[in-house]
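Two complexes, one shared chain (chain A), two partners (chain B, chain C).
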Partner chain A sequence: MDINTSIRKFGFQDLFNRKDLLWLIIWIAGLGLLWIWNALFLNAPAFARLQTAFLNSLLTGMMVVVFSLVLGWITGVSLHLLERSELKTGFAILSFVTDMLRSIPQIIAVLIGYVILTMLLYKGIIQSSFIQLIWIAGTISIAVFLEVADTIKQRIDYYRTLDFVDAMLCCGIKIRRIINIEILWKNSKSHLLHKLIAIFGVSIFLQCSIDFIISVGLSTDVSLINFPMTLGNLLANVDSKQDILALSNLFTDLGYLPEIFKRHLQGLSVASCIVFSLLCIYMIANGFVRRKKLI
Partner chain B sequence: MEERKYNIRILSENRELVAIDEFRVVKSAINVLLGESGIGKSLISLAIAGLIDPDELDVHIDGRPYRSYLNSKEAIEIRRNGFFVFQEPSSHLNPLKTLRMQLREGSLEEAPGEESILRKLWQNPKLAEYENILDVYPKPYRPSGGEKQRILAAMAFKKMASTAGSSKGSVYFFDEPTGNLDNKLRNEFLDLLVENFGESRPTILLITHDYSMISRFIGKYPAIGKNIYYRELMLEHGRLRLRDFQPREYLLWLEKRVAAKPPAEKKEMILRLQPEIKVFGRTLHISRDPAGNTPAPLVIRKGTVTYLKAPSGTGKTTIVKIMMGLIKSEKMSMELGDTVYSEETSRNAWAGRVWGKQMTMVFQHADESLNLNSKVKDVFSGLPVVGSMSKEEIADAISELFEEAPTREFLNKKVRFLSGGQKQRLNLLRSLILHTDIIILDEPLNGLDFLSVAKVITMIETKLQSGIGIMVISHNEEVFDTMVGPENIYYLNSSSLD
Partner chain C sequence: MKILRILHKEHSSLRTRLLIHCAGILLMACIFWIFISMYEISRVESRQSEKEIQKYLDLNYIDFGNPLDRTLFRESLEIFYKGQTQRNDSLLTAIDNLRQRQFSDPSYKTVENPNGLTWQVLQKLGGMYLQFIAVYAVVLLVIYFAAQRIAVYRFIKMKQHRESYISQAFDIVTGADKKSAGKAAALIIKAFLKGMLYMLLFSPAYVIAYSVKTTIDTSSVIFMILLGIISNGVLIHTANKFFTFLTGESRKGYIQTAVVKNLNASYEWNAPEGIPIKTMLHIKHGLRSHVFQAIFENARFQFIPALKEHASFLVTGLIIIEMALNIQGHFCYVLLQQILYRQYDIAAVIIFGIFLAVKLTEIVIDIWEYMEKKKYGY
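Entry: the complex of A and B
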């Protein structure tokens, strides 16, 4: 192959080398196919519920990403600055709070958030579905943002050992600029993006897990009917459960297979949407790590 | 004169790293390859030596794919009879074998002259001094970079000695072989190089950006001059070109500088550092003589260059980092203006009063002191003067150290894609545009080509005229001795606290 050809070569081979991009395309294409199939065969009310659930879950996941980034950024930078400052008490207090949060299992933290949300719902303090989604996202963020804070602190600590930070300080550049712009923005975007992709996946997983726990009857006060429609919520719905149970018919009657894709679409669509999305997000995050050589 | 011309192209993931139409190597001669660092000198040499992995990089030599070159008689001969001394000695040495084992490995086992070579490279010490090192397994931090570099040179010289009389066709590559050595050891290395070359006449490719080697070759070995070819690798309109470098160019410039050296004049003092500093369990002594017999405080004066000299590894960089408040010492005292700074002074005091205001410092390695993911134009963002400087003024400042006015493309380029010399110039410029009372320069000429060296020296002189004080640490004594009088030269010695 001559040099000019090798410079110009781009296409499928390149796409296969960018596994993150490839899996993003697969994810969007898969969801698109599912949408078309449902538009053709799923009844209208269920289709509307499915679309709302998907959009709400997506929106919650995105809000979790934003909240976690903001909380993690502030916490990571504060921990670093307090650790190096003469305010040792400030560092001790913040470390204690973060360690406390770390000691609570994520799923328990989110569950507590749902219980409080129910109380607020009953007292009529929160009524709008959008505010409820923000509450859920906030709760999940509190459970997961420390992962972002840890990444941020690790990145800052690593760069503080290199000469370029001292060289900038000697030139009179302010430490807040060095940390926020030079270290985190210019040198850590890939690491943070990878972490945020993972957090997006974790938020979808946590939502579904909690919704499912609630659906099996955790309490008479906390019920899925009160909460906004999400993928987990829809999966825990009786109709969806029956759809999934219908898969067992295949053990005795393989000829029932075409019916599964037409008569039991709601449950199958929600389940595949969750599993397929989690798989794709995992593969995107992995591909990204490899492409950016983050390990 | 038999000359081999190479046409070399090296690509990585569709990006062209090196492309040169005519890279010339004179056979049975010493080819001194000059030029700023990071321009491609090492990569070209590795390609010729057949040491690039064809699966890693897309290499073409004389239009042929690299695998075909690797299988050619020429490349096989180079690999069999030649030797490559790597720039970074740690990457060359096998950590699982002692230095002694590696000195006697393969064809080096029977090679003569090991002891005399080592004695010369260690400047005739007692045998035990290097004998102890030979039984060490090399690690990144042990032995020192200078010691590892000398071991590698010894291996190359042993190989040269073993092929004396039959070395036609063999090629020896020395990639920045004296980067970790002080001037005395560098001269010792050059003497051995010339001595061994005289006996076996192999082809030698000596890569360096230390132009003061020229004075040594011409001053000490005029007879061998016709066998030494000086070439400079340079970027011209984005293309690599190899030009013949006339040593006279450099020597005349030096002569002019010596003639124009300003007379000694006692100017106003800005900084005084007491001569005894304790740090990391060692005591560092500043004195007026190399042996350390006349301790004296280090003084920086307005409009004057203060030069701190010491062998590699003594602690010169540590001293200036202590002066800048970056390293906490166990004992030090420094007067700067009306304020006294000591080991008790908090880092905040330096941050609030010194950094970027009274003092600034240019770090030794541009690669490590610049943010490689920054764009060129952003290197100046956040500096205390930038608010008062227009974009045009910044562009003017850049053009002072670069060949031409910076284009938009250049300003938007990421620092990591600049050559080593360009990075070093940016590194210098970032501090030189500040309005501080003192600028500390740690190896400011590292990685620069001759033109850039001249420009940097001119810029330093302009800063001096504006009344600031400059402190220099540099291996390029030949250059800085032309601008510093003996009254402003200090020496650093180190002793263990116990």
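Entry: the complex of A and C
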């Protein structure tokens, strides 16, 4: 069997047309490669921390996706129902609140959440790492869920212009069922999934950034070690910062490159993990849009 | 209630939008004002209680670090306040806490603003704020123009049906022409460089800044502007949004009609009916007889309101840059410092300033959108 046949047999050509799947494979393969390299060359404690940090970041990202979906769904549907109901005041208030929330930069919303978390940690109200992660995910969700709400409202508004909604109403199907099941679940899954992939990327970015930022400290009583290990948290670690700083050596001495992959592995791995994940998630979202023809 | 009804009735008109923005600013100002006032009251209360405790610390014949003195003091309290064990214990704990704070709390050691929010502090913040706004405006403008060009370039490439470098290399490798190995290698190198560029554009600002910190002055304003443009994925996300509008617009019926009616529709660079590459410098007026002109103008029209969400994300990026790089004397770094020093009133003013910057951007964009609509007779 020549190379031509074998490549076609494995369907690689097909993968180029399904860029989302291609990038998903690239992401997993890249991370797998990084994991093997680290298993070989990174010291055991740092390797363990890196794995915990990555899993925690991933878990928080997933929780953000779930929370945003729930919040966005409720807000989007409520906005639509209020807009069409007699409760015009309710619609005006809710849209005013969402407008206000939109004007607060995401990082500020997350920072306020962290300040409150710091206070709760100081008072001993929150102790478990898992609850801290839930809190962080909840805070990030508040900063990003409006994107889901907008998508949901757009989808409902679009379908309301079509005849099938009126036809279903004539058949006696309740409006709540039409919106939640027929419009959103049956006809908008791809749009929502695309939005959720994008939100997953944004949540990883925001989480890493805020964890890096607060390495300066949010309180004299609570420090970085009180927070659960995440990629941003690990990057803010002095060792990792030194590793990233070492990259500057390459400007003057390119021969230092092999050293970077062995001596400065912790910082480099964390930074690669963050940047590579952000890139791949963006590409997956873009590929998904193309494959599902969402534009 | 009446206002809310009016707001709803004319939700889309410019006046109503401006009214909503102003109401939002006012409401936020009220919230922050109440917060600052309450914080000031609690600060005064805590200072008064500290004064009470300080009286004991001022007794120069008692060394609270000495166990003997502490025991004597505790016993004296028992004599004066007999039977009030809890009160006496609390007082001793409060004295210990104050002593500890005086040693460890930065607001006691390096305090610049011991009295919280003062006129001097506001003046200082004002200067920093203006600098922040200037950087933000420059970055927003550059991103607005750069994102359009990147999106247009990507769109034209897509219309030229160019496959990705890797895909082209793959075709060469699997094709019959084995002599083109060099070409395939060149394509792979191009793909690698493109990948690196993407990695750079998606890198959080702190990763880029730390990796060049020892060779470049990362605290300069120019570097901040550069980071604001290229990092955090802001540019690429904005370009992607514009690309989406271009693609959506190009599929509309009127474009197909224009093509049928023989408007130029070739997307080849510098071809007679194609797109001159120099048009990338002035896209808005450079393609009068090409169908792309209509696509671009309509996509741009939709892009204007979409800038609002990108503006908010851009501010997020700039805040991250200032905070993560610990650039002393910058607006957002001061915010972080004030949170650390528990000067929440100053932190609230800074957050309100940032909110105001986003709101002002939204107002400007709404006015701009309104003027564009008027221009096209909406």
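Keep this in mind: the second predicted complex is superposed on the first by the 277 of 295 C-alpha atoms of A that agree within 3 Å, B and C clash if a C-alpha of one lies under 4 Å from a C-alpha of the other, contacts with A are read in each partner's own complex, and residues count from 1 in each chain.
Following the convention adopted for this analysis, contacts are C-beta pairs under 8 Å (C-beta built on N, C-alpha and C of every residue); 3 or more make two chains touch, one makes a residue touch a chain.
Please read all numbers here as calculations on a predicted model, not as lab measurements.
Asks: Should the pairing of chain B and chain C on chain A count as a clash or a fit in the superposition?
Replies: fit
Asks: Check whether chain B or chain C contacts more residues of chain A in the superposed model.
Replies: C
Asks: May I ask you to decide whether A:E86 touches chain B, chain C, both, or neither, giving the answer as first, second, both or neither?
Replies: first
Asks: In the superposed arrangement, does A:K174 touch chain B (first), chain C (second), both or neither?
Replies: First partner only.
Asks: Give one of first, second, both or neither to describe whether A:F164 is in contact with chain B, with chain C, with both, or with none.
Replies: Once the two structures are laid over each other on A, A:F164 reaches chain B alone.
Asks: Looking at A:S141, would you say it contacts chain B, chain C, both, or neither? Reply first, second, both or neither.
Replies: A:S141 sits against neither chain B nor chain C.
Asks: Who does A:S57 touch here: chain B (first), chain C (second), both, or neither?
Replies: It touches nothing on chain B or chain C.
Asks: In the superposed arrangement, which partner chain does A:E182 touch: chain B (first), chain C (second), both, or neither?
Replies: first
Asks: A:C208 contacts which: chain B (first), chain C (second), both, neither?
Replies: Second partner only, chain C.
Asks: Just to confirm the geometry: in the superposition, how small does the C-alpha gap between chain B and chain C get, in angstrom?
Replies: 5
Asks: For chain A, give the residues common to its interface with chain B and its interface with chain C.
Replies: Looking at chain A, the two contact sets intersect at 3, 7.
Asks: Quick one: in the complex, what on chain A touches chain C?
Replies: 3-4, 7-8, 12-13, 16, 88-89, 91-93, 95-96, 99-100, 102-108, 111-112, 115, 205-206, 208-209, 212-213, 216-220, 235, 241, 244-245, 247-249, 251-252, 271, 274-276, 278-279, 282, 286, 289, 295
Asks: Please output the residues of chain C touching chain A within their complex, sorted ascending.
Replies: It comes out as residues 1, 4-5, 7-8, 11, 20, 23-24, 27-28, 104-106, 163-164, 166-167, 170, 173-174, 198-199, 202-204, 206-207, 210-215, 232-233, 236-237, 240, 244, 247-248, 308-309, 312-313, 315-316, 319-320, 323-324, 326, 336-337, 339-340, 342, 351, 354-355, 358-359, 362.
Asks: Using the touch definition up top, name the residues of chain B that touch chain A in the complex.
Replies: 9, 11, 14, 16, 58, 60, 321, 324, 326, 346, 348, 351, 355-357, 359-363, 365, 368-371, 373-374, 381-384, 427, 430-431, 434
Asks: Once bound in the complex, which stretches of chain A touch chain B?
Replies: Per the stated touch rule, the residues are 3, 6-7, 9-10, 86, 162-164, 166-175, 177-178, 181-182, 186-187.
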